[in-house]
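Consider the two complexes below, in which subunit A is the common component and subunit B and subunit C are the respective partners.
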Partner chain A sequence: MVSVSAYAQAIVLLPFVSFVVALFARDNLPKGGAYSGIAATAGSLLLSLATLAAVYGGRTVNETFYTWAVGTGAQDWTLSFGALIDPLSALMLVIVSLIALLVHVFSLGYMNDEGEEDLPRYYAGLGLFTASMLGFVIADNLLMAFMFFELVGLCSYLLIGFHFREPGPPSAAKKAFLVTRFGDYFFLIGVVAVFTTFGTAAFAGAESFPHLAEAALGGDATVWTPGNMAESTWFTIVGLLVLGGVIGKSAQFPLHTWLPDAMEGPTPVSALIHAATMVAAGVYLVARMYGFYVLSPTAMGIIALVGGFTALFAATMGVVKQELKQVLAYSTISQYGYMMLALGSGGYVAAVFHLTTHAFFKALLFLGAGSVIIAMHHVEDMWEMGGLKNKLPVTYWTFLAGSLALAGIFPFAGFWSKDEILYETLIHGLNEPLLLIGYVFGLLAVPVTAFYTFRMVFLTFHGEPRSDLARDPHPVRWNVKGPLSVLGVLAVVTGGINLVPVKKVLGIKGIDVLHKWLNNDWGGIEGLSSHHYAKIGPYESGYLFGGEAATVIAGAAVSLTLALAGLALAWRLYGVADPAEHTAKLGQIRELLYNNYYQDEYQVRIADAVRDAASGADTFDQGVVDGVVNGVSSVSLLSSERIRRVQTGIVGNYALLLTLGLTTLLVVFALIGGWFQ
Partner chain B sequence: MVPVEYYLLLSSAVFCIGLYGVLTRRNALYFLMSVELMLNAANINLIAFSLMWGNLTGQTFALFTIALAAAEVAVGIGIILVLYRNFGDIDVMDAATMRW
Partner chain C sequence: MSLLLQATTDWAFSVRALAPVLLVALSGLAVLGIDSLWPDERSLELVAGTAVAGTLSALGLSLWYLASGTGQPGGGGAIRLFSETIIVDGTALFFIAIVTSVAAMVSVASYDYLEADENPGSYYSLLLFATTAMTLMAVANSLATVFVSLEMASLPSYALVAYLKTNRGSVEAGLKYFLIGAVSAAVFAFGISLVYGATGTLLLTDIAAQIGGVGDLDGILGVGILMIAGGFAFKTASVPFHFWAPEAYEGAPAPISAFLSSASKAAGFVVAFRVFAVAFQPALGVAIDWGLLFGILAVVTMVLGNFAAATQTEVKRMLAYSSIGHAGYALIGLAAVTADANPANASVMGAAMAHLFVYGFMNTGAFLFIAMVEHWGIGRTFEDYAGVGRKAPMASLAMAVFMFSLAGLPVFGGFFSKYILFLGAINAGFWWLAAVGAVTSALSLFYYSRVVKALWFEEANGSLDALDSKPTGLYAAVIVAGVVTLLLLPGFGPVIETAEAAAAALFA
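Right after this comes the complex of A and B.
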């Protein structure tokens, strides 16, 4: 029987092989490398499912494959690559490889059928993107996670800027890269801080940094802290440093500005970025090292507050956007805000649950948007659409399922996960005012989400066609409908993996599968389970109306009512034959929202303010650092210019030099040997 | 019997004549002859010591050197021929292009 760790390596290597094949075979590949990519991701998916089954059978992995550096002396750290396969990573592997497979299939319709050029480059990018994300998921230590995190960032840069001959995409790609790099800079410092403090960056085991941190706070171990700072303070700082990378990648306020611009990339890439790879990486990282974050109530509070705020903040901007993909972009930011809110308020399972359901319905929505864009000959403005319902039935029904899930309407997947996040925030927030603020943000975002989602649905699919393109859309083929159907079914049923409210209210046992899964009920790694996190976590639960069941029902009723209210408003305003541009009535507020609260402007202003410092650094770099290097080379150049004159090419001169040298040597040896005394 | 010092004096005289030729002559043929002189100076040394110790090793080496010199002359003449073809002369100062 092949070991699970061999599976893990193969899962990562398969898409990487597809990347290498697409890179080097280029023009000799059928469909520009699509088939090799599909084969590789399908293989990854099968192996991921096998891994999931193995973890279900209690076979987890925590091992090092390759140690590439070993420190000496006080810094006896080992830097290594390894795999950590536990319930969380096994689940994530399935999600990532499934979405990647569907995106590859969809790309056949979106890229190949639309006659795009330079496809091997596209499929090479997709392969590397998938491989880096899978490598990030199985990472068993923070440094390996960081390296793959950066690779994910690089691939998003390459893919967002795929159409590099147009003006928009390269600029959006640079923005995505730079903004996330800004966050990653703090992450890098955090990695170094973790190494310096704990001497290890492993995620799991007795010698892992979350475990050591827990022991240090309990007084059972001592760790290094700068200037004898209190351990709890220092752990908070380290956690926040790593969080910098998370905020950049998961597009949380204030580093979310790259994500809407990233819509310049091809739509399947957007689906991959938003559902499974780049943006999910940040949230996954917090979940991966959750045992460290729960030790710091301050860091948890900040995560919750940033998440809750982002959820509402991004949702409001989604309301006024005119382009299909822009609305989806802001919904992504908002949904990841929910996940951060869940993580910050102790809802580890809820966050992973939402990560799962969101991966499916957001991939569905993006691919659905892609299908609409194909049909509309690459027009993305929703005001040019309308009435596509009957022309694109498969797209419409699947898109509707995804929208209902996103809006959190019972019984679609998003309802269960979003409701659980709000529930966890509420019960922990009753004793913790900070979380209660996050809860209010989250709750306010619910009707806004439902409103903008259905504004999008009604404008795109309902009413009368508002342009010639919408009257006669381009048909889509099986390679578009297939992935949509798979995801459509998943968006409806995924909620079934975690029917906690039903369990709590009706008392039916065994239907909270995800809870049991993450609770290591079927095996897992000690110290990486939800009950362990709950035990060491800072929060206590409180209940309204004197009971758990009553709180569950009240919370669900409130959020569902709000969601339905948002939906109803959207229906009222936009569900008519010929909708008017109601957002224009908002006046000043619309301008504010449409310009994204002037976030880009003020970030550019900040960037301009530090321009002097940057040019100073540039002068230092060019003058001093490069100066030293250039100086060394010019000195050797100049001196060799002089010294080479010795070589005349005339054989007599060489003979003379030889003779003189020999004579000199003889004389010197004679003097030393004492012949002339 | 002639003392070995005389042989050594002869040998060093021949060597110095050869060296002088190498350093001063511009004609490649003279150059080659001077090299031959130096080689033969070495041969005289070998033979002299062979005689002095009553040992055949030196003579064997001298035979080797003679064979070597023959081969060297063959190569040297070849080089001189090529030199003449390329530069129209066999002046060693002309062939100064093999440098930076």
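Right after this comes the complex of A and C.
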């Protein structure tokens, strides 16, 4: 039987092969490389499912495949590639490869059928993107994770800028690259800090950095800290440095500005970025090294607050957007905010749960939006749509399922996961007032989310068609409807993997599958279980109304009520035959929201402010550094010319120089050796 | 009992131990025989075939001996023959392998070069006798055998450099080589006599034993050692005995330039390594700090070779200077030796040996590419090389491999050998040698990449129709050298292990 670690390598390599094939075979491929991409991701999916089954059977992997550098002396670190297959990564492998497969299939409809050019480049990008993300998921150490994290960033740059001949996409790609790079800069310092502190960057095992950090805090191990700083303070700083990369990639405030612009990329790419790869990478990283973060209450608090704030903040901006994909972009930021809130408030399982459900319903919504865009001949303004419900039934019903999930309406997938996040935040927040602020943010975002989601649904699919295009939309084929149907079903049922509230209220055992899964009930790696995290974490639970069940019911009731209220408002305002723009009623706030709270403007202003420093550095580079380099080369060439002239061509000169050289050496060594004494 | 036969010599055993040397010598005699039996025929195929067969069989035999442990610690230790004047050990076999593989490539390549030549027999016999002498240098264990074998290698080399009798440059270069060689040989012989005067013996191991008791003669010994170092500096084209090299390499037929700059240099280094590691290591604390001497020579040679190469206009002359620069790198292997029994001694000398091994292929390949260009007759300067990459892609690709490998870019064999060498120097405490080496390597990238740029990125200046002729032998040799250079990146492990084991045996 093939080992699980062999599966893990094949899972990553298959999409990579499809990348190489698309890159080199180019025009000789049927469908521009789509088939090889589909075959590769389907293979990855099958192997991921096999891996999932293996982990279910208790077979986990934590091994190094290849050590590519070994330190010497005191810094005897090894830099290596390896795989860490545990319940978390096995689940993530399935999600990523499934979404990647569906996106490949959907691309047949979105790219091939629409007559896009240069498809091998597109499929090469998708292949590498998928491979990078899968490599990131199986990474067994922080440095490997960082490398694949960067590859993910590079691929999103390449794909967002796919239509590089138009003005928008290249600029959006650059923005995405630079903003995430800003965060990754801190991440890189964090990686170095982890190595310097612990001498290892492994995620799991007795010699892993979360474990060493835990031991150091317990006084069982000593680690390096700068200037004898208290270990807890230093761990917080290291955690926050790594968090810089997470905030950039997962588009958290204040580094979220790249994500709405990234909508310039082809829609299937947006689905991949938002649901399973780029943005998910940040949250996954926190979950991967959760054992390290839970040791620092400060870092946890910051994660929770950033997440909660982002959830509300992004949701408000989604309210006034006119373009379909823009609304979805802000909803992504907001939903990842929820996941961060969950992680920061000790809801490890809740965060992974929401990551899973969100992956399905957000991929669904993006692919649905892609389907609408195909139908509308690439018009994205919702005010040009309307009434598409009857003309695109498959798209409508699946999109509706996704929207209900996003809005958190019972019993769709999003309801369960979002409710668990809020519940975890609440019970931990009762003893930790700071978390209550996050909880309030999260709660307030619920009705806003429901409102903008259904505003989008009503404007797009309901009412009368508001343009000729909407009256006669372009039909879509199986390759669009197929992925939508799969994801539609998943958006409805995924909540079933973790029916914790039902368990707690009705007392039915065994229906909280995800909880048991992440708790290593079927096997896992020591020190990487939700139970372990809860044990070493900073939080204790408290309950309202005298009991767990009552708290569950109260929490769910409040959030569901708020969601329904938001939905009802959207229905009232936009669920009519000929909806009007109601944004004027917002008054001053409207401008603020339209301009995204002037986030871009102030970031540009900050960038401008540091321009002086940058131009100083530029002067230094051009003047001093280049000057030295140019100087060295001129001096070298000049002295070369001189040295060349020693070779006169006259053999007598040579004999003379040779003898003189020998004599000089003789005299020098005679003096050193004292031969004349 | 006579002086020469202190122990009875087992002739059959000696022949077997020295078989690689004898095979080359026999093939040289066979070429002479063919030439004498059929003096009127131009039997190019036959003599070239004989030369290739002789060198390849010697190469195969030396590799087999290396692999099976003959003469090495694992296989009974060094074999000492003829009253210890000859020694067969790991170092000797390693360098015989280098010399014979270069000679084999040069023999194959010369086939096309001599197409129009009237008397290929004389060329090949000279080449084979020079090779014989170089393999003999590798096994020499007494200053007498060292001197004789060194001169035996030099004399055919002078003739080979001047082989193009109607070419003024070739004849002039040969004469200059001979004159400088004569001066150097005088210095060398004088040095040997002084060492003999101080120690009373010519056998390397006995010299080492005698050094402790030289007493007041330490000055004599020091001068002698310095002069012997001068003789090796001539053979390895190190400053200040390098003056012959640029002109000899430039004037000689290009395959001979390849032969001299790779095989002859390697042979010079093997005797230098053996003499200084075996005989003169105890002198470090007594008579002369020859480590410092080689350190100075290494720095000056690296700097001069690389700087002078940077401003050349002709590719062959640039390579000539680059080959001087590489002698400087190999000298680090001697410069970093210290008096005490330090394991770093063997590791850095082993690294220098491994560098010479890789260098044997990449440098020979580069000169053979020049030979190919000379065969086409399209010119000698960088400009003349423009656009060749399009017409002759395989050979130009190989040339790019040689250039980047010589520069030490981390994609080919030359990277590891330089890296390990510099690392060894740093570990031995000679970081300044490594620093000079690294800086001059960076400079070397400049002039090596000029060749690649001309070949691949520049438009041809004139007609390149001459490139339609494909000289099979030259192509084969260049491609083989390129492939080996490439394979030495993954396959560097066994080379460095063999070299370091051989060096460790020298110091033991």
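To be clear about the criterion, the second predicted complex is superposed on the first by the 632 of 677 C-alpha atoms of A that agree within 3 Å, B and C clash if a C-alpha of one lies under 4 Å from a C-alpha of the other, contacts with A are read in each partner's own complex, and residues count from 1 in each chain.
Just so we're on the same page, contacts are C-beta pairs under 8 Å (C-beta built on N, C-alpha and C of every residue); 3 or more make two chains touch, one makes a residue touch a chain.
None of the values given here were measured: they were computed from a predicted structure.
May I ask you to decide whether A:508 touches subunit B, subunit C, both, or neither, giving the answer as first, second, both or neither?
Neither subunit B nor subunit C is touched by A:508.
Once the shared chain is lined up, is A:672 touching subunit B (first), subunit C (second), both, or neither of them?
second
What's your read, subunit B or subunit C touching more residues of subunit A?
With both complexes superposed on chain A, more residues of subunit A are touched by C.
Give one of first, second, both or neither to describe whether A:662 is in contact with subunit B, with subunit C, with both, or with none.
Second partner only.
Looking at the overlay, does A:654 come into contact with subunit B only (first), subunit C only (second), both, or neither?
second
In the overlaid three-chain picture, which partner chain does A:644 touch, first (subunit B) or second (subunit C), both, or neither?
In the superposition, A:644 touches subunit B and subunit C alike.
Shared contact residues on subunit A for subunit B and subunit C?
Overlap of subunit B and subunit C footprints on subunit A: residues 644, 647, 649, 651, 655, 659.
Applying the document's contact rule, which stretches of subunit A touch subunit B when the two form their complex?
By the definition above, subunit A touches subunit B via 644, 647-652, 655-656, 659.
Under the stated contact criterion, what part of subunit C meets subunit A in this complex?
Those residues of subunit C that touch subunit A are 175-176, 179-180, 183-184, 187, 218-219, 222-223, 226-227, 230, 239-241, 243-244, 246-247, 287-289, 292-293, 296, 304, 307-312, 443, 446.
Where on subunit A is subunit C touching in the complex?
Counting only subunit A, the residues touching subunit C are 633, 636-637, 639-641, 643-644, 646-647, 649, 651, 654-655, 657-662, 665-666, 669-670, 672-673, 675-676.
What part of subunit B is in contact with subunit A in the complex they form?
Where subunit B meets subunit A, its residues are 19, 22-23, 26, 31, 92-93, 95-100.
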